[in-house]
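Consider the two complexes below, in which subunit A is the common component and subunit B and subunit C are the respective partners.
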Partner chain A sequence: MDILQTIQEELAELLDIEKEEITPDAYMVRDLDAESIDLLELAVAINASFGIDVNDDEIFLRLLREFLEEAKDAGKDAGDFLEEKYRFLTRERIDDMLNDLQGGPVLKVNDLISYVSWKLENK
Partner chain B sequence: MDRIDIHTNLDGFVLLDRISSIDKTAVTGHKHFTKAPLYLGIETLAQLGACHVRFITDFEKHAFLLKVNQCIISGTHILDGKFKLEGHLQNHSQLAYTYSLKAFKDKTSVIKGEFLFALADFDENFNREILQKRYKELLTTLSASKLL
Partner chain C sequence: MPRRVVITAFSILSPLGSSPDTIMDNFKKGNAPFEISPIDDDILICPVKNFNLKDHIGRFKHARYLERGAQFCVASAVDTVKNADLQDDTLAKAGLFIGSGPSLDFGEELSYLNPDNPDLSKLKALWMLKYLSNTAASVISRLTGIHGDNATIGTACSATLQAIGEAFRKIKDGYLDLAFAGGGSSRFSYSGIMAYKKAQAFFVVKKGRDNNYSPFDTSRQGFVAGEGGAFILLEELEHAKKRGAEIHAEICGFNASISGHSMTAPDPEGKYEEATVRSAINDAGLMPSDVDVVSTHGTGTPLNDDMEAELIDRVYGDHKPFILALKSWIGHLTPACGAVELALCIILMKHKYLPEIRHLTNPCHKSLNFVQNGINYPPNTVLLENFGFGGQNSAIVIKPWTE
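This part shows the complex of A and B:
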């Protein structure tokens, strides 16, 4: 099953946008205007399509900024800390996110793909 | 702040009469309507689904209806008589649950739809002590009720 294609189809229906707009590099909130209700529905759709347990906090990076505060308070390196928390993301992606925090929510379509791939590999 | 009175023309907010079976994936309820509008049937199904979400999550979070998809109404526009209500958990994530919920009269489907519920932490608006106790008691009461 093509993960990108499945997520594109689900998002196109949920957000009422064209599939072509949903590229791996698109930001879920900044570019696609996804709202929290859309993400909840998407999480269930991903569970249905791929048969994986979906943790909303993980897949949508809901606790990202709390983790950054936690790392700071504990005197830990933010990148190392996030790498432990988000095992489905590469270090390169985490570093990109850390450099991109000022722009708003950092979640991208590709992060969802990474999560699903990681879950399927570890099923 | 001014007080606003809302009149629902209902005796109470709990519409379910009884829950006859409940397990990890399904729930069955019953309701006797007396010339009730359809929206009360949809609300009753939503209450059945929410009961199930709370049950399978051990009443640890506040559950609420988020959306109804593909609600199909057939036959009557007035609900009258005894209805059997069935709910089946379809899919879920950590925080969202979809159900197929149906209302039957005389084994004929009258309302069916896909209902999406979400979970949220208890907080100052949704008080854990009050709501958790209330929802546990409600399920116990509905499960022990006799069919009207």
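This part shows the complex of A and C:
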């Protein structure tokens, strides 16, 4: 199953937008205007399509800002800390995110794909 | 000086069409799109053809939570806001009053929720939004920028007329200067059809006879479901004048009550039904003899039409206003019937025309002035009444606009 294509189809239907807008590099909230209830529906849809148990907090990076606080309080390196929390993301992607925090929610379509591939591999 | 309330915008999505010209053309040609339900060939329906929510609101992702009736509600509300052409800050202060039934579109959700064999993975996270009665209100506010006082009223087939009545009173009593009111409904899903079929409220098609839906005829034997929606913009007169709004009609009086007689049937004596009609006329500062047109609830059920015909005879006596039954043209739009029939009354007043009660050949009451042939006539005072399951009663008085 092509993960990108399946997620594109689900997002196109959920967000009522064209598939072409849903590139791997598109930000879910900043570009595609996804709201919390859309993410709730997306988790249900991904669950059903891929037969995986989606953890909403993980896939949507919901606790990202809390983790950064936690790392700071514990005097740990933010990148190292996130790498441990988000096993499905590469270090490169985590570093990108850390440089991008001022711009708003960092979640991208590609992060969803990374999560799903990681889940399928570790099933 | 008492505040006067006028109608400054409206829109309608009905089986007869959505533009006043098309609707009038259909009235005059006698066209009404009744047909056999594709779900059950015992049942007639009166559908709205080629309805597509996107044509009215464009792309909107949360439309996924709207059942078809709520789609008519949202579409007609958005159309009315467009017709009203208000500034954003005025719109933000406007009220929003909606009449709504429960969703009877029990779809796949029910099968997924079978406790013996549940399949929760197929349920939408927020599937319940389809069944919440204020989902349409939430969508309308988001799409249009209406943010004022609001309520969603669930009084069965009296619901939209009561929503309009509530808006009328809020404006008359000074709480609001303007408010949108109306609703939408469709009962053509399998569960919608079966709800009324099991209740034996439907007209049932039988072979070897004319299957004509004929309210107030001695042969009547149940109602035919229609679908659609309508909204009106109610506005305080001076507010409307100040912004140079076109005035379509005036709302002069309203009343509502509850009979406490039966869960579904009207009280044959029509005690509180009659009190409601009289109070609405009184609220308008008028006498029954001032009413020249009555737009009846006229469902075509044996019990309703008998009760209603007797009630009309008692209230108006020898005065004999013209009697309309608009459901003979569009079917019964259940909770949305009041708003849609009111919009039709506005159109008929403007076009100075009274359509016949279709297929009425043997009236169930001998001394009422049923309109049996369409006539050119300029209505002066129209009383519109609706009676719903649960003993819900409502009546409103409207007049063409004059200083």
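Throughout what follows, the second predicted complex is superposed on the first by the 123 of 123 C-alpha atoms of A that agree within 3 Å, B and C clash if a C-alpha of one lies under 4 Å from a C-alpha of the other, contacts with A are read in each partner's own complex, and residues count from 1 in each chain.
Just so it is clear, a contact is a pair of C-beta atoms (placed from the backbone, for glycine too) under 8 Å apart; a residue touches a chain by one contact, two chains touch by 3 or more.
Note that the coordinates shown come from a computational prediction; the quantities given were computed from them, not determined experimentally.
Colleague: After the alignment on subunit A, I want to confirm one thing: do subunit B and subunit C clash, or do they fit together?
Modeller: In the arrangement built by aligning on subunit A, the partners subunit C and subunit B clash.
Colleague: Looking at the overlay, does A:D57 come into contact with subunit B only (first), subunit C only (second), both, or neither?
Modeller: first
Colleague: Could you look at A:N47 and tell me whether it touches subunit B, subunit C, both or neither (first, second, both, neither)?
Modeller: Once the two structures are laid over each other on A, A:N47 reaches both partners.
Colleague: Identify the partner contact of A:L14: answer first if only subunit B is touched, second if only subunit C is, both if each is, neither if none is.
Modeller: Second partner only, subunit C.
Colleague: Just checking: does A:I37 make contact with subunit B only, subunit C only, both, or neither of them? Give me first, second, both or neither.
Modeller: both
Colleague: Would you tell me the residues on subunit A in contact with subunit B in one complex that are also in contact with subunit C in the other?
Modeller: The answer is residues 37, 40-41, 43-44, 47-48 of subunit A.
Colleague: Would you mind writing out the residues of subunit B in touch with subunit A in their complex?
Modeller: 66-67, 90-98, 116, 118
Colleague: Which bits of subunit A are touching subunit B when the two form their complex?
Modeller: 37, 40-41, 43-48, 53-57
Colleague: Write out the stretch or stretches of subunit C touching subunit A in their complex.
Modeller: Touching subunit A: residues 59-64, 121-126 of subunit C.
Colleague: Quick one: in the complex, what on subunit A touches subunit C?
Modeller: 14-17, 37-38, 40-41, 43-44, 47-48
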